[in-house]
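Heads up, there are several structures right after this.
Next come two complexes, and both contain chain A; in the first it sits with chain B, in the second with chain C.
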Partner chain A sequence: MNNENKETSRPSPRPGFVLDVDRNTPPIVFHHGENFRLEKLPVGRSRVVYPSEPLEGLSDPEGAIKDALLNPLGDSEPLPSLLKPGMKLTIAFDDISLPLPPMRKPDIRQRIIEAVLDMAAEAGVDDVHLIAALALHRRMTEDELRHAVGDRVYDSFAPKGLLYNLDAEDPEGMIVLGETPHGEDVHFCRRAAESDLLIYVNINLVSMDGGHKSTATGLAGYTGLRHHHNVHTLRNSKSIMDKDNSALHASNWRMGDVIKDAGVKIFQIETTVNNNTFGREGPLALLQKREWEWTARDRGQFIAMQRGLDLLPVKTKRRIFGGWQSPYEMTSVQAGEVEAVHKRTIENVYAQQLVTVEGQTDILTMGLPYICPYNVNSIMNPILVMCLGLGYFFNLYKGKPLVREGGVLIMSHPTPWEFHPVHHPSYIDFFEQVLIETTDPIEIEKKYEKQFAEDEWYIHLYRNSYAYHGVHPFYMWYWGSHAMQHLGRIIIVGGDQKAVRRLGFQSASTLQDALEIATDVVGPQPTITHLKNPPIVMADVI
Partner chain B sequence: MKALRFKRNIPRYAAAKIAGNIKPGSGASFGPIDLIQEESPKAPGEEWVRVRPRLSGICGSDLATVDGKSARYFEPLVSFPFTPGHEVVGDLDDDSRVVLEPVLSCTSRNISPTCNPCSQGKIGNCENVTLGEISPGIQTGSCHDTGGGWATEFYAHPSQLHSVPNEFSDEAAVMVEPTACGVHAALAAELPSEGVVAILGSGTLGQVTISALRHFTNPKTIISTARYPEQKRLAAELGSDIVVNPDEIHRAVRRACGTKAITNVSEKGPEGSVDRLTGGADVVIDCVGTSKSISDALSITKPKGKIILVGMPSIVELELTPLWHRELQLIGAYTYGTERLANGEAVNTFDLAFELVKSAKLEKLVSACYRLNNYQEALKHAANAGARGAFKIVFDLRDERERNIK
Partner chain C sequence: MRSIYSILNDFKYKFLKLGFPWVSASAPAGVDSIIKESSLGAGYDTEWARRPAARLARAVIVETLMRPVMSFLAMPTRKGLDRLINLEGPAIFAANHQSHADTPLLITSIPEPWRHELVIGAAADYFFNTKATSAISALAIGAVPIDRTKVSRQSGDMISELIEDGWSLLIYPEGGRSPDGWGQPFRGGAAYLAIRCDVPVIPIHISGTGKILRKGRNLPRRSKSTVTFGYPMKPETDESARSFSTRIENEVRSLADETASSWWDARQRSYRNSSPSLTGPEIGAWRRSWSLSDNDGKTRKRRRRWPVL
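The block that comes next holds the complex of A and B.
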């Protein structure tokens, strides 16, 4: 592994920290979908958890990748020793849901896959398949695949049918490798299972990603996923971002053992990126700055941007933000045996994202941005808003949740009653049919999951169009089930009131209104913590 | 006698149409309908008896007339001036209480021999609606000679009258006629056992149709559309398994039938939106009767399935290719007559309607009563019933002075 830092004139990146709000604290920028809000937090009882500044990226990514492949971690031989003429090689890679926002070219996956293919070619390996490990996510389009793997790889493999999206509903293409001691079916991509070597190429944006989850989830279908993508498991994952306390990961790790016992040889390549989400320069750079360090020019630029966005139609705003590609830099790459690799990866993720926070809060606030893992080049529908806030941001903790049990979560997002009919057809039905009856995850799971999972039309659209699988909105809902159980109330600021009500949450026009409403639950003068994310920050609550 | 009288007056008819288009129900203020006082009418024939209405309902076809939206199709089938009102519970001169079956059939027209449909008890299909001893008019309420229910008195033929059991309140009794329409529609559908049926519209007609389907047929799933919260609540209470907003019906039927859908790939609407289903409901009952609702019905009915039009359509614009391609049956369901039950038994629709009103307690649909003097307000309320959380609006004539002069 090569973790050598770039030589730079930039000052050392500052770690994340917790700011206590006082009279001198300027208004804080809240993400609000395709716009922003400036919010003044109550003095004397509010704090803001700021992310770390971007760590320096690797100065020679190609060299670091080569080094990682030649010097693997754990019980693994260097990659060239694993490559033999006549062997069957499968390279699986993370799909469109990572990283967020999509990164500028060249994508990390391209760099790694090109390096792996060079070694495979040198070894005389000619039976190679490349598979987007999308599980039940939507298929990636040609443009999206080209962006991920690069034109050279795409043009060499896709026309011959050797680069493709996983089809987890193809009865011929999937097999059950076995069962864990807990009775969980291990459903797996047949090509990957029958290969002499499976190489997995990962981008570990958050600590939930990677490890055995890459293959046990990414290359599985409903038969396997239902064992851990369920309410019981998610409610016992505290949190999904903390592997050692996550039932989701425990299940994936058990499945990893079954995969290994079935003879599937995996060479895992994991990478981490820094927090350079919005760029050190450019139109969004001030989103990475701390508000009291804004210059007069920054302030003017922000106000102009905010007012300009107010005037633009939603579709235009969506197009502008959807076109943003982050100048992420790779901070580490490690390869070899899955668990050894993942251990190092998590250390590197935490080095960038983890911030120590003392004690829980009565009210947790967060501004939700325009993007989540499931609306790249798409629409952030209300279910995805719920999932981003309750499923992802709420779970960005180690130890205990940032907000106390029975506390209030306040999220800021326009939450439009709008769906992408191609990408999210079953979400529309979930919103229209299921949520109108109940928002209780247990009830939803019991009564509706099977119907949606086995619906032939959704399966058809998943396999042939660009639709998320019929069961996917259920997983979004389950992702939020731990938070729903933990919280006393959930309030969305500035959202479409009807959509917010359908989600079962409360609506408020302003943050001040929301804080006022929250006092009904947490009493007067509550403590408030704002999780200033993104760039990504994860709280280590002690 | 006090009555609301509808005259043939083209300028006022045009004014009603304009006003009705701006605000439903407003045709009453500008159109050719007036509240009048005049001498008691004369019986149109020897057998005819006087009815003094207690309650008289306002239905969708009445509103179409008031707002100038009725099809010109009806022009030769009515006789001016006429008094609207065909949903009536009233008293005869012997003080017995009756419900009116308003269709003017061969029997009431004193035509002998009766036409073929009338001889089979299918009086709604009478072939002699412009003939016989009385002026043209398909029903009481559109015939000059009989008068109508929006008056303190009118005349009915004994064949049109049904005695009201004592246990029926006036509110229950006034619901019998609209309920009979729903019963007729539900049975006209000949819904296969365990079939899926969709009802478009949850006004009074939609609600009684849902109730009739639940009571007299054996559906697997009843899906209905409703725009307003109270409509949704009642539809579910009366037996609808799934109640959705009108724009959600395609997806709801798809889910219930487990069929696939054809999504939009043109510039019409967003890409990927559900255009139509590959399969669909066995039966769709349209209680709205607009271009949109009939088009929806055409896109959610399974091949060889049936679409029943209960809501009175006027001039509509339709793409009929699906009717041809999917070999659909588009069937009208007008009024009532004699129904054939699943066991083969022939029963008068009104007998079934009495049974249903009683068992489902359909008097709850009567939402508001108005005096005749307040007819403009009543008609506006009826035209906006859904939005105002109401269903059936009726005229209450029980305390009208003119009615109680014997």
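The block that comes next holds the complex of A and C.
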């Protein structure tokens, strides 16, 4: 495969590492929503897990894509030999939740879809549908679709109704393909199921993405998702980022077998990106540099940025950060049979993100940024803050969690009591009606899930407006259920006190206060580990 | 109304009538006159126009004069710039040619770093026939003379040297503006130079400029235009200039189809070898013009005769 990387004059990217904090260690930058905090960690018992520097991107992405399509992995034939005149072809692609932040143009999806369609045009394929595989996420707007697939593809298909968002609540558009040996219904998009070939285009930002999860989750609705998006499965996914130890993935893989047995032919295309989240140059570049390597300019820039952000109203800050597009570069592309492709993808994701960490810690700290998969062009409400911290960042481990069982998690985020009324209507009711009663995931699941999932108004908003499905806030809560069960206490630094209390967590004004509070649970002189993320780092805890 | 050209011609005629010493004397019969090598046409030396001062002047002209004028006149939509994302080093930009508006439009559309390191292949017999037009062409648009009336190595050698020095070239392979709105067959110059210098060709399709300043008009008219860039094309191993030129022409045809319909329809027709022709049907002149208006795809808005009640 043509996976040669760019030859540049830059020094080779350095791998991630674990820094032991000593007296010379400068304060560490913590993400704090649409701002940053500089925090001094206790000397002698703290360590910081730093992400790897961005790997070099592929020197010829178009060539690499073509090469991957012509030389597929596993038992798949090359794409051109799967394309025939008169066939029904469906191309599904990842939605707005990937990558994060959205990437600069051209988006990887555009590059791949254009290459695939070019081959389809050459083969004389006429019947083509393109579907944003968003499951129960909100629909993508025209601008967002254009950004993902490019103007050429959008203008060719959308006006004719051939490029659209999945509607997982359309009774005509969805079917049940069968049942797994565990009794799980495999709910699937009818058009994809009835196509002669389904091509799925992935951006695998983290190791959780891709594989059978792409189709079994992305093209499914509530009927199918409830079998793995539940507390039991997520508490047994240790972690969701480690496929081989994830009950979530095991369920999706079982569903993948049913999809395959039902005769759905899938050609999977997966891609990985590097850690170039904030750019090697530019206003945010310092966020992917190590603090002691900041130049005078970086330091001045940081001070100005921090002071400036303090003065700006939150809406303006949201607009500024929301407009940031990461200059991600594609580090690999692989295509063909789902499992063979995914195996290679995981290796490439780990090559960028995995850092070996020795042993667990008493207290895990993390700075939460302004964005998570469900608030692109939106507001990060308290439930999403919980999900990002406990659902995603906590799960960025392989082996065992970074923090010991019964330990404390300290997250830094403003956690505003604010919701996007169009995108997150059911979140508002979940926050106001459900969390006021209980924060226990099992009780929430048992008592409220069905009611929200089948609410006609939420379904209407999901199908016709730009709302996440009624059941989505429940899934966010379940996403954090493994962490909630594992941890002794959860503290949010600098958050809205009422909102933090509603989440069932403890609030602290400063990190020092939070560390003081934590000693009640973990005793005096606890060990502390800070996960410096993003750019994304995943801990391989040995 | 009299055109600018006829006014200038009258002035020139009256001036020439003043005779010697206002104009130079002709050599007497029987006297051998000194034959001076022509410094005009293909022999015009444009080297001065690539010096830093001239380049700076050109950048100022392009950014402060040409860009706002073209934004107003041509209201351009620029497509396909993302296709150049992996392009590095000098390249040959090859476009169809409808009007004098094409060059300023392309100069303001071709992205950096090529925009300010660009020379433009211009007809030696048209743009370099007087000292004034030669100097203006060389300074304002970075034109270099290309002889289109005879086969000569001079232009090719000069442009090859420029490309080797890192300059990119904008060339119109049709050899001149469209006489009737339809395109003309591509000549092999762009392909030959790409093979000789081993640089990629970027096919470009321009639409809409024919309405702004078509051949035969002196005053521009405001109209929408679209510039569509294609993927860089490299000659295949041992490919002849003729074959490569055909591929470039086909790609420009496909880009024209993409502009008129959609990218997907254009790709399908391209592979079926049924992209609409750029040169139009082989029929009589009025029918060609007629077909062109069909090709436009837009009908004139009918004026309402009765008020809507």
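What we mean here is this: the second predicted complex is superposed on the first by the 541 of 542 C-alpha atoms of A that agree within 3 Å, B and C clash if a C-alpha of one lies under 4 Å from a C-alpha of the other, contacts with A are read in each partner's own complex, and residues count from 1 in each chain.
What we mean here is this: contacts are C-beta pairs under 8 Å (C-beta built on N, C-alpha and C of every residue); 3 or more make two chains touch, one makes a residue touch a chain.
Only a predicted model underlies this, so the values are computations on that prediction, with no experimental measurement involved.
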Notebook entry, point to check: First (chain B), second (chain C), both or neither: which does A:457 touch?
Noted result: first
Ask   = With the two structures laid over each other on chain A, which partner does A:43 touch: chain B (first), chain C (second), both, or neither?
value = neither
Max touched-residue count on chain A (chain B vs chain C) belongs to chain C
- Task: Could you look at A:420 and tell me whether it touches chain B, chain C, both or neither (first, second, both, neither)?
- Result: first
Task: Give one of first, second, both or neither to describe whether A:304 is in contact with chain B, with chain C, with both, or with none.
output: neither
Is A:542 contacted by the first partner chain B, the second partner chain C, both or neither? neither
Name the contact category of A:433: first (chain B only), second (chain C only), both, or neither.
first
Chain B versus chain C as contact partner of A:156, first or second or both or neither: second
Check your understanding: Of the two partner chains, chain B (first) and chain C (second), which one does A:124 touch, if any: first, second, both, or neither?
Key -> second
Dual-contact residues of chain A, meaning touching chain B and chain C, are none
In their shared complex, chain A is touched by residues of chain C numbered 79-80, 82, 85-86, 231, 258, 262-265, 267-268, 270-272
As the complex stands, chain B meets chain A at residues 242, 244-245, 248, 251-252, 254-255, 258-261, 263-264, 270-274
The residues of chain A that touch chain C in their complex are 60-62, 105-106, 110, 114, 117-118, 121-122, 124, 126, 128, 150-153, 155-157, 159
Within their complex, chain A touches chain B through residues 420-423, 425, 428-429, 432-433, 451, 455-457, 460, 465
